[in-house]
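Lettered A, B, C and D in written order, each chain numbered from 1.
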Amino acid sequence: MDLDELYQEVILDHYKRPRGVGLREPFEGESHQVNPTCGDEITLRVHVEGDTVADLSYENVGCSISKASASVLYELVNGANIDDALARLKEFTALMNSRGQGEADEETLEDAVAFTGVSKYPMRVKCALLGWMAFKDALVRAEAVPTPEGGAE
Amino acid sequence: MEAASKLDVESIRADFPILQRKIGDKTLAYLDSAATSQRPVQVTDAMRQFTDYSNANISRSVHTLASEATDAYEGARAKVASFIGAISPDEVVFTKNSTESINLITYAFQNAAVERGADPRFVLKPGDEVVVTEMEHHANLVPWQQLCLRTGATLRWIGITEEGRLDLDDLDEVVNERTKVVSFVHVANLLGTVNPTSQIVARAKAVGALVGLDSSQAVPHIPVDVAELGVDFMAFTGHKMLGPTGIGILWAKAELLDAMPPFLTGGSMIETVTMERTTFAKAPAKFEAGTPPVAEAVGLAAAVEYLEALGMENVRAHEKELAGYMLEKLEAVDGVTIIGPRVPIGRGATVSFELEGVHPHDVGQILDSEGVAVRVGHHCAKPTCIRFGVTATTRASGYVYTTTDEIDRMVSALDKVRKVFA
Amino acid sequence: MEAASKLDVESIRADFPILQRKIGDKTLAYLDSAATSQRPVQVTDAMRQFTDYSNANISRSVHTLASEATDAYEGARAKVASFIGAISPDEVVFTKNSTESINLITYAFQNAAVERGADPRFVLKPGDEVVVTEMEHHANLVPWQQLCLRTGATLRWIGITEEGRLDLDDLDEVVNERTKVVSFVHVANLLGTVNPTSQIVARAKAVGALVGLDSSQAVPHIPVDVAELGVDFMAFTGHKMLGPTGIGILWAKAELLDAMPPFLTGGSMIETVTMERTTFAKAPAKFEAGTPPVAEAVGLAAAVEYLEALGMENVRAHEKELAGYMLEKLEAVDGVTIIGPRVPIGRGATVSFELEGVHPHDVGQILDSEGVAVRVGHHCAKPTCIRFGVTATTRASGYVYTTTDEIDRMVSALDKVRKVFA
Amino acid sequence: MDLDELYQEVILDHYKRPRGVGLREPFEGESHQVNPTCGDEITLRVHVEGDTVADLSYENVGCSISKASASVLYELVNGANIDDALARLKEFTALMNSRGQGEADEETLEDAVAFTGVSKYPMRVKCALLGWMAFKDALVRAEAVPTPEGGAE
C-alpha cells in the first residue's frame, strides 16, 4: 500500500484549502450527486456565458479525494471554454478508469495529474469522479451540451 | 451443423471428482444434469481460493479485501455478460436462481400496477393477455398465473404437438394485440425440445409485446446470444451450467431494467434513504438488495470460463451425439415410449420416457441400484405431463462429461427393471 | 453475566486461513465482521465434501445422490431450528439473505392486499400503522416503506436517545391500536446496541400487532431463542455467522407461515399445477421456489455446529470483553467520538466512531495501509447517520477470532491517520 | 443397494394384485392426497359403522410402493375397530420414519412388516405413507376422530 501515491501533497493541499467552494449566483444548471456507498454529496452549479464556463460553484461533504477533486475541477474548468472543459472531463474520467495504467498529461490536467494514483484504488475512483459527474450533469441541465442517451449519469 | 472439434470427454471427466463416486459397488453414472450439473474442480477451487484469501462484503468499504471482492463480483458479471452477448455488464442482474429471475419480472408488473407513474408496458389490466407455452417449467408458469390472478389479465398459451414441438399454427391468434408479454421456454426440461425462437419473437414484437426466454436449459447447452435472439429478457441459473447453487441470472435490456420498479428492497440498492422516503440506485444494483452471492459469483465465473474453453459449439455437438445415441438405444428397448421429439434435431440430450407397466419411481429406484442416476417425476412440468397423459416420466439427461457408456449402462439396467416387475 | 469458559482465540484463528493473509507487508487485522464474517475450514470443507461427493438437486428424485442431498439440506434446516430454539424445522425457511427474509414478510402483506380470503392480520389499509425504529438497517426499513406506499398504511418509528439506545418513552403512543406489525432490529449494525426486546414485544402483543426481529447481527453473536423472545418472525443471514453467502433464514411461527400467501412461485413450492391453476405446498416448501442454496445450507449447518461447539454464551462473553477493550482504547484517542453506547453493557463488539476532521473514507484507507480492515460509510443505516448528524462513520467490529492485539493495531494506525491529515 | 429389501415379494404381490381397490358407497369421509414431488395421487373413502371401519375403498395412481401400501392398508384396517386402526396407523408411521431402525411387530402389522426396508429410503417413505395419510384425513372428515391441531396433514 503506497499511501503517498494516493495522498499526494497536491491532493491534501486542495483538501485543506479547497478553491472556489460556495454556491453562487447566477447559474443556469445545478446538479446534486450522491455516492450511494458512502453518502458523500455535492451540489454544483454552472454559470455559462456564451461558450465559457463563467463560474463553477459548489458545496460538498466528503472525503479528501472527493473534496480535492472538486477543488481541482474548479481550477481546471472555471473560466474555460466549454469544449476545453469537456475535453478535460473526458481525459480525467479516462484516467480514473485506467486502473493505474493511465498516463496523465500535465499540460492539460495540471493538478489533476496528482489523481493518477487514485485510479489504482477502485473503491476511491467514485470519490474522485463525484464532482466531475455533477459538472457534466449541470452542463446538461444548463442546456450547454446536448442530453446524453439514457439521461445524465 | 457439425462442430470441427469434439470434446475430450475423458479429460473433462477428470475434472469432476464426483464422477469417481461409488453407489453401492457401482460407479456413478450421472444422468441427471438437467436437474443440476456437477461442478469441476476449477469451480470449487476458485470459490475456495476466494473464501480463504479475499472474502469480504462488496461495494461497502475501502479496504483491500472489499476491493478484491468487489472486483471479483463485478468481474463475474462482466464475464457472464460477454458469454451471452450482452452489450453491457449492467444488463446482468444476479439473483438466487432462475425462479427468482422470472419472479423479478412478474413482480415488476405486479408492482407497476400499484405505483404512480409506472411504465405503461408493465401495467396489466383486465383484457390484457400474457402468453406462455404448455411446455413450461413451473418456474415460468406459476409466477405468470399469479400475476394474472392479481391483475385480472388473462393467461394464454401455445400448445404442444404430438411430437413434442410447439404448435405454432395458431400463433397469430394466441399472440395478438391484447398481448403485453410473451415468456417462453427456450429448451424444455421435460421434453428436451430446443424451441425455435425467431417466429415467436417476431410475432411478439409485431404486436408490441415484451418477449422473454426461460433459458435455464439453454445457456448451459447451446451457444446463446441475446442480441441475436432479439428478446427483452432472459433467465438462467448457475447450478445447471457447472456453477454453484445460490446464484441465478436475469439478463434484460438496460432500458427495460431502468423502466422496471424495484423488487426486493433493502441495502445496496438505494441512492438515498430517510425514514420517510427512499430513492433507488441504477440497475443492476437496483435489483440486488442485500449481500449478494459473492463466492457463488466467483464460482459462476469459473464455470463460464470452463464452458468457454470447451466452446459452446462443441458442447452442442457433443450433446447432439448423445441425444442421437440415447434416442436410438431407448427406442430399441421393449416397452419404452419416448415423450418428446424422437429425432436428434432441435432437441437436447435430455430424454423423457415411459416404461410400460412400471412406474417411474420404480424405474429410478432400480436404475439407482445399478449406479445410474436419472430423474423421475413430473420434472416441475405438470402441464406437459397432463398433455401427454402421464403423471410422471423417467428422464435421462447428459452433459459435457457424459459418455455413451453411461447410456449403455442405463439401457441394460432397464432390463433389470423389466425383470423385477415382470 | 460472566461465562464460565472463555474462547481459545488462538486455536480458533488457526481455523481461518484468511487471517494469515498479508495486506502489503502487514498481516490482516480483520475488523469488519459485522459486514461479513470469515469462514472456518470446517465450513469450506463441508461444502467441498458435499460438492465433490453428494451434489444433486433435492427432493426431486429417488437416486442416492438426491437422497443424500435432501438429507443434508433438511438436516441443515433442523440444525438451524434447534440453534434458535424453534419448535419445528418446518418453521425455518431458507432464503438468499436477511433482506429476502424481510421482503418475504412484507410481500406477504402486499400480496394479501390483492388476494381473496387473505388472513386479516396481513391486510393493511389506510389508517393502519407499521412500526420500525430509527436504528434500522435499510433491509428492515425500505421494504416496510415500500409496503406502506403501496397499501396506504403509515410508517412510524421508535427514536434513538443520545446514548444510542431506543427511546421507549413514547412506546405506548407509537405502538397503538392501529399498529398491525412491529419489526425492529435486535442488534443494531451501526451503533452496536443490543436492544432489549421484552417491552416492545409485550406492547405489540397487547395491541394485537405481529412482531418480528431483524436478528442479522444478533444470531451470530449472542444466544437467541425464539420461544423466549416471544416474537412472531425473525430474519438472519448465513454470511455473518461463519457461513457462506447465498443463504438467509426466515424463522416464523408455523401458524403464521400457514396463513401467509406465497411470495416467489415456481417449482418445488406447489402441490399441483395445471395451466389454469396452482395449489401450493405447505411451509416451508411453500416459500422455497426453485433450486435452493443446497451447498450453502450444508455450509451453514457446519457454521452452526462450529458456533455450538464454541458455545454462544462464550461467544457473547468474548465479545463483551472486546467491546469493553475497544471502547476504552478508542475513547483514549484524541479527537475520537463514539457513536452509540459508550459502555460495554447492552452492546456488541461493533463500534462506530468519528475522528475529528478526517472523513471515514480516509480513515479506512490509511487503516488499510496498515493491514487493518474496518468498514467506513453509512453502513446501510442512513437514518441513524442523520440522527447523529454525520454522513458516515468508521466502524470496527469483532468476532470469535478477534484479538485485543488487532484492536491495538487499529488504535495505533489512527495515530498515523492523524499525522497524514494534521 | 439391497433391492430385495425394498421390493419384497409381499410388496410386489400387493402391487400386482391390489386388495380392496375401487371407490365404493356409502362413505362418510373422502380424502384426496397428492405427493407433490412425483404427482402420485390417491382418493380414499371410509365408511364408518359405530366404532368400526366398515369399508375402506380407494383409487390411486402411483408406484409399486404407494400402491402396495394402500392395498396393505386395506387389509389391515378394513373391518377393524377404529381404535385398532389408529394404533396401526401410528405404528406404521413410526416404522416408516425409523430410517431402517424400526422393529416391526408382525402380530399387529402383518403384511405391512414388509415395508420395513422402505424406511431406509427416505425418498420413498412418502410413497408408502400416501394412502395412510389419506386414511387419517378421511377419518377426520368422517368425524370419526377429532380434528388434529392445525388441520389435517
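A few notes on this one:
Methods note: a residue touches a chain if its C-beta (ideal position, glycine included) is under 8 Å from a C-beta of that chain, and two chains touch if they have at least 3 such contacts.
Just so it is clear, the structure is predicted and the values come from calculations on it, not from any experiment.
The chain with its C-alpha centre at the largest distance from the centre of chain B is A. Counting C-beta pairs in contact, the pair that comes out ahead of the other among A-C and A-B is A-C. The distance from the centre of chain A to the centre of chain C, with each centre set as the mean of the Cα atoms, comes to 37 Å.
Inter-chain centre distance (chain B to chain C, centres taken as mean C-alpha positions): 31 Å.
Chain centres here are Cα averages; for chain A and chain D they lie 75 Å apart. Rounded to whole angstrom, the centroid-to-centroid distance between chain A and chain B, based on C-alpha atoms, equals 44 Å. Looking at chain B, residues 23, 60-62, 64, 66, 270, 272, 361, 365, 368, 376-377, 382 sit in touch with two or more other chains. In chain A, 1, 37, 39, 121, 124 are the positions where the chain touches two or more neighbouring chains simultaneously.
Shown here, the protein chains touch in an arrangement that is not a line, ring, star or fully connected set. Of all possible chain pairs, those that touch are A-B, A-C, B-C, B-D, C-D.
Residue ranges of chain B in contact with chain A, taken from their complex: 59-62, 64, 66-67, 70-71, 254-255, 258, 270-272, 281, 285.
Partner chain C is touched in their complex by these residues of chain B: 17-18, 21, 23, 28, 30, 32, 35-36, 38-39, 44, 48, 51-57, 60-66, 96-100, 102-103, 111, 114-115, 134, 137-143, 145-146, 150, 155, 157, 237, 239, 244-248, 262, 264-270, 272-278, 289-296, 361, 364-365, 367-368, 372-377, 379-380, 382-383, 386.
Contact residues on chain A toward chain C in their complex (touch as defined above): 1, 3, 6-7, 12, 37-41, 61-66, 121, 124, 127.
Across the complex, chain B meets chain D through its residues 23-24, 359-362, 365-366, 368-369, 376-378, 382, 385, 391-392, 420-421.
Within the complex, the chain D residues that touch chain C are 1, 34, 36-37, 39, 121-124, 150.
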